[in-house]
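Following are the structures in question.
What follows is subunit A paired twice: with subunit B in the first complex and subunit C in the second.
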Partner chain A sequence: MSQYYLIQDQKRCIGCLSCEVHCKSNKGLPLGPRLGQIIRVGPKMVADLPKQAFVFMPCFHCEEPWCVAVCPTGAMHKRPQDGIVFVEPSLCVGCKACISACPWGAPQWNPETGKTVKCDYCMDRVDQGLEPACVSKCVTHCLSFGKADKPELTRRERFAKAAALEVENL
Partner chain B sequence: MPEQTSPKADPKAIYVAGSQGGIYPVELGKQTLDPEFLGKMGGAAIKGAVQTLHQQDCLVAFVGSCLASLMEHSKELCHSCRSVLEALESLLADLVAGNADAATLEQLGNRSEPFKYKSHCPALQEAATLILSALAHFPIEFRLHAENKFCPARVCPKLLPAPCHQACPTNIDIPSFLSLIAHGRHQEALEVIRQDNPFPWMCGLVCPRPCESYCVRANLDNPLNIRDLKAFAAEFASNHGEYLPLSPSPSNGRRVAIVGSGPAGLSAAHFLARKGYAVTIFEALAVAGGTPRWGIPSYRLPREILKKEIDNIRQMGVEIRLNSPIGKDRSINDLLTRDGFEAVFIAVGAQDSLRLPLPGTDAEGVFWGVEYLREVSLNGKAPPIKNERVIVIGGGNVAIDVARVSLRVARVSLERGATKVTMFCLEAPEEMPASQWEVDEAAEEGIEILHRWGVKRVLTQSGKVTGIELKKVERVFDERGRFAPTYFEEHTIVHEADAVIFAIGQKANLNFLTETDGITRTPWGFIQVDPQTLATSRPGVFAGGDAATGPATVVKGVAAGKQAALSIQHFLSGETGPVPTTAPCKRSRVPFLEILATDKISTRRVPMPALDPHERVMDFAQVELGYTEAQAMREAGRCLRCDVCIRCGTCAMVCRDKMGVDALHFTDISETERILQDYQRPQERCITCGACALACPTNAIDYLEAPDRREVRLCGTILNQLRTLKCQECGGLFVPPRYLNYVTRRSDSMMGKMVLRRLCPKCAREKRAAQFVKF
Partner chain C sequence: MAKEIYSLCFMCTVRCPIRVEVENDEVTWIEGNPHVPGIEGALCAKGSAGLALLNDTERPQHPMIRTGPRGAGQWRRASWEEALDYVADKLKSVIQEHGPQSFVFGERTNLNTHISKTFMKALGSPNHFTHDALCKGSVNTAFRSLTGYSDAEVGIDYANTRHIIMYGRNIFESLEIKAINNLLDAMDKGAKLTYIDPRVTVTASKAQRYWQIRPGTDLALNYALIHTILKEKLYDKEYVNCWVEGLAELQAFVEPYTPAWAETETGIPASEIKALAREAAAVKPAVVFHYGYRGSLHVNEIYLRRSLVILNALMGSIEAKGGLFFKKGPKAVGLGDVGKYTDQEFPKIDFPRFDGSGREAFPITDSSHGNAQMLAQAILNQDPYPIRAALFNRFEPLQSIADSGQVRRALHKLDLIVDIDVNYSEIAWYADVILSESIYLERSDSLMVVSGLKPQLFMRRQAVPPRYDTKPGWWIIKELGRRLGVGQYLPFETIEDIWNLQLKDLGVTIQDFYGKGFVALSDKPILWNRENGLKFKTGSGKIELVSPLLEKAGFPSFPRYEPVPAPPEGHFRLSVGRCAVHTHVSTQNNLYLNELVPENELWIHPQAAERQGIKDGDPVEITSPVGTSKIRAKVTDFIHPEMVFMLHGFGKTVPAQSRCYLKGASDALLQENLSDKVGGSPAYDETLVQVKPLK
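This part shows the complex of A and B:
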């Protein structure tokens, strides 16, 4: 797991997709790839009331990432200092193995470059002390980003456990 | 900046870095590069790197890489300067990728010009000076990139013509016309050929196929039958009434005289007429066509085919004056000074036989090769060989023609007589200059060829030939490969004969040249020309074909005509600078023919149907019957498309070294060339990841994701096809089992964490997102 957390307060999210727009424009991405994606769940009837939720699905920057293991060229790797998983484009040959390997469907295909592209927590921004593009422009402030030594850590761990459990049940 | 390499390379240019540097021809660089000199050349004082560029360095690609590194290293570029640099770089990228035309070059110059003296931005000024100096000093290299889609340094991968295309003396875009035939677009195939060679049909019947010996497919089974497919395209178009003359450009009123209506003369006339010149051909004989008309027997080249192609040239406005020899009444000098022609191209061929000063060669019954052929062709009657045994001396194609013609002439006059034709040549079978298929066809017809014998003397009795005495050859070529035969003088045989025909070479008859013409000859009696530009010692007079080179082939004559047209245009335009020379030109990028690998490689060269040898020697009917449409398409479909796949092996490297799959196995066929021979392997190992297609520098590989399958194709040949699994959620495209196996083997198995993979990545994301919601 990376040293950072990026969590979403589902209750506050209105599904405006500002996060996706800013992610795309920050990375200069064409039609197709959605690095951090808002997934709409529902609407469905819960206790006679229609309910709908929006889930923000970025890359989870796994402790032991499938994408890094599967990548035959070493293009996909983990930053040793903070655990951010990212693609080095010059090494990527476009075999898409990472896309098939990731249980979360996080790595995305960039048809313009013929290479994989994925959420790297906007590490260039993070290194300058800024937040990832999606977080900085979140209209409802439902996204939050920070170092994992902050109090939210427990929440993040719970999230990670859920994720791990999920994987086993796939 | 790219480092320069090979020390043995031939330098061509000097690169001077810096905002006032540039690229200059190496001849100029031999002077001191002082500020005064550079100023004269359009540059200025220099500070920085100086680098030699060689023949194998592409200046267009080099300028492009300089611009890229300028942009990379100039951190303080303002937005507007950067956007100009980006635009210039993209124009250069178009040139390198073959997406450019003449307008691109103009834009490149125009957009650079304003920044040449504007020094507010050193990077931009450096780029502009670099581009402008390169354009000024190496216009041909840039023009070839733009107009011919050809990189003369053979650096740009997309501008590398196929080996056959480069081997053809007339640079026919062979892969393009073959693929058009394979697609059934025969008329377009003919037009592709005609852009480079006005004689598709004639060359399709008589060319010695230099292209086929470079055919890459020869490393798989046999080369493509390129020659006969040319003839097919012409024949098909002709049968469908569509072999029409090309349209000339509007006349520019400038007159050019051509001496001789052989392949070289007619080809020059064709290309000049295409550019609007008024061409007059002077032909000494009563028929047009030169050697193909009277020297090539009609069983190889029917007269009406030649006539058709000459008529097409005539209809472009070329005047052919028959019975108009150049000589006393009309010298070359007269053409230029009296008759109003501005340039002359001499293409009179080499039409006299070389004669051996041997005892007995003046006897009755001794004949000389080309004179004999001319007699048979033009007068329709044979010299009187009424007897049974003919001996032909010589090992070239003319000797074979003479032997086969004498066989037919004797049969015709003897009405199925039992004439015996024997050939003696100096060379061993593998050394013979004659084309192998000609030798085979002669052998089929019952002509006996005896090797390594030279003539000692002709035996005569009361002035008539009775036989020939031959001596054994010791060697034909000396240590340096030059023709210098030696003999065992004592080892002789005698062979009885009623006629002996010598076909041992030809010489040019240049008696029509006068003192005032001022045209120099070579020591071997041909016209002295510049081998590149075909210019003679007299300005405005050019010469080519056999008259300049010595006896060669039809296709070389056509090529000489093509070059003469370029040189004459350059001469008449008054342009300074180097004379352009003929170069390959990519005429089209024909779509690939989709075909299964097994079909592609199992199709063998389709044999050319021919008349039965026993029947065909009875008359002069055409021996080769030509392909049917189905045969032609089948044969053309064998082409490996070396115009696109440059056999660099990048795909194989990615597959093996990056992916670790090793499904593409290229076999080295020379130091620089490799070929895919193992088509089984991709079907067994390829996981259809598509990395090869992305790595290919010329887009030769297609990677397809269809709803039910993934496919990898090399130049249209389906290397591998895998059915995909369906996503359990959406039913859409997932991945093939073999690919999934590759993924799990490398991830789950390595990490010891199994993931059940039944969903496509998109559904996986959505499904799993839903589980994070607790309503």
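This part shows the complex of A and C:
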């Protein structure tokens, strides 16, 4: 796995799809590829309330990425220093092996260049100490990005607060 | 060399503060202004898609003069000199022959509206009108009838609310970033969200209580809530004794409207109605009965909006932490007012408005906005006088006014149609002249005053030179004014001249904006003293439940509830709304936004669909008394069986917008042009439609 995590706080996500456009406009992508995509699940009735989830699917930057293993030219590779999996366009021949191999559907086809394009956590931004575009501009700040060895506390804190509130209201 | 510019977005009317990075005159990055609390970098899909708009070739790139029949798409390129001379000459002859009142100017309220209004006043025409009434005329009048303030002077303290009740206010899809974050933070701290809507929206799926109310019966629910609150004495007694007049009359009026009665009408169990009244009262005054964003659904719209304001008044939540507040402007912190060109003396105008605002048709509506829905009737009936020329800017008569077929027939009668636009909108394509406007990233505009708990000023500042041969709207109006002999009323050459006029009494300079894009005029929230300091602008200085404004005009304060009959077999109430990635009628052709939501669908309940022989995804024909359209069906349990729903703003007919051309259905083509004559909004949801599979 890469050293980083990109976590989505489902409770705060409103499925506004801004993350998708932040990504596409930052990368200047044409119609077609969606490097990170929100998949809507639901709505369905849960305990008399309509519930739906919006699941954000960027690349997971796997420890042993199948897309890298199948790439015949070495275009798809993993950055040694931090594990970000990315495609080097000058080496990509557009064979789509990575697209077939990835169990998560992360690599995307760019019809303008005839090559693969995929989420690279906006590594140019990461290298400048910034966050990926989707995270930086998320409408509700429901996406967070960080080093995996620094734990993300939002959800534990929320649970603890809710529990405390219940105690208060007893 | 990279530089950063602080500015204001304009992909929608919310105008969020943004920070723009520019390199070699190219925009490389747009984000929400990181210095603004509640924004902190956040930007919506539309905001990021501003880049696609900037670089889009499918927008007007230079002034254009029509060469073929109207709407045929035959144009020739014109220089600014030629186009402006052409428009001015035509306007001169119209004004000479038919008087200045025969010229109307419609726009969506924007930062330069004081300049547009100045232009029309200087010409002697009373007929500047805005989009406002189409959205919320009745909300405006409802607030004025109770408090003396319009809805535009009221805000909601989302951050501190403990329970917010929303009636179709789909806040998580019809976005205001700051409000959303404040609300989500409040919900994180335990605030409750109740959502009432015949359709399940994203907001419904975030609520702790959701009621699928029978369409059109919200007023019955509110009368039962008021009944319960008064009967069980759940209201804020201190506040009501101090600030509310007419409680006895209200109590007598709601006596028959019991929760059991409302259950039959709304489909919501009486026990739950009572539970909501009690729960809301338990956290008063930090409770909000949301009065709505758009309020233009039914012919009695003002009474629903009044009932919502009344519920807040009973909760004591008007001018309360966690409730509603009156917006405080520069004057509240001891400064002068913001300068406007409309502050000048103008020649007296002897003509009434064309749209009946302030006269018999709409005696108490807000004449500073007018009633745009009357445009077609006024032209076709030459009532109260002939209208011969129209100028539009960011206003889409062919998709915003109900019965757009009639609007098109009316516009055809005009001698001149001019559109100042950033898009090939329906009205641009039907115009005689398109004056190509620079988009918000390519221009500076008048400063924005954000009145609120803490008054602030914001600046839209040009980030890059125009991509094409386009100009800012304020420059176009000034150049037209100069050609029409009223240039002395528009005494500015540059945006700095405008800013300096606005700032002259504020002790703030233009440079003060450059660092962060805004100037805060107060660091503490300003709330008036609830014991003795509330300043209602009514005759009594209190909230007037029995409204002299209404009664003097011959309208009742509390009309008897008229039951809403179920639509006849095979008919459905047509309702419309928004999604998070499109702005009204203006973004459907944007490369990135079109990709996400390329067309609208018709939501229909499975039982209704089965009876009509419609399956999910089927193309269907939808017919109303005024129009017919084609659309794809979305069969879903999550809509009330009496209603069908579609997103607003699709069904466009301009080939130059290739991505959205003929995609989905146009709601305006199907809606009947009915109005709430008391409040001033159109009644878009009164139209009944039939739906059948497309053969």
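What we mean here is this: the second predicted complex is superposed on the first by the 152 of 170 C-alpha atoms of A that agree within 3 Å, B and C clash if a C-alpha of one lies under 4 Å from a C-alpha of the other, contacts with A are read in each partner's own complex, and residues count from 1 in each chain.
Note that in this section a contact is a pair of C-beta atoms (placed from the backbone, for glycine too) under 8 Å apart; a residue touches a chain by one contact, two chains touch by 3 or more.
Since the structure is predicted, the reported quantities are computational estimates derived from the model, not experimental observations.
When the two complexes are overlaid on their common chain A, residue A:51 makes contact with subunit B and with subunit C alike. By the document's definition of touching, of the two partners only subunit B reaches A:99; subunit C does not.
In the superposed three-chain model, the partner touching more residues of subunit A is B, compared with the other of subunit B and subunit C.
Contacts of A:12 after superposition on the shared chain: subunit C is touched, whereas subunit B is not. Contacts of A:42 after superposition on the shared chain: both subunit B and subunit C are touched.
Within the superposed three-chain model, A:31 lies in touch with subunit C and out of touch with subunit B [touch as defined at top].
In the superposed model, A:140 lies in contact with subunit C only, and not with subunit B. When the two complexes are laid over each other on chain A, subunit A has residues 42, 51, 162 in contact with both subunit B and subunit C. On the side of subunit B, the complex with subunit A involves touching residues 654, 658-660, 689-691, 694-695, 735, 739-740, 742-743, 746-748, 750-751, 753, 755-757, 761-766, 768-773, 775. The touching residues of subunit C, when paired with subunit A in their complex, are 29-32, 40-49, 51-52, 172-173, 175, 177, 180-181, 184, 188-190, 200, 202, 204-210, 580-581, 591-593, 595-596, 638. Within the complex, the subunit A residues that touch subunit C are 12, 14-18, 20-22, 24-26, 31, 42-43, 49-52, 136-141, 158, 161-162, 165.
On the side of subunit A, the complex with subunit B involves touching residues 10, 37, 39, 41-42, 44, 46, 51, 53, 55, 57, 64, 66-67, 69-70, 72-73, 93-97, 99-107, 114, 162, 166-167, 170.
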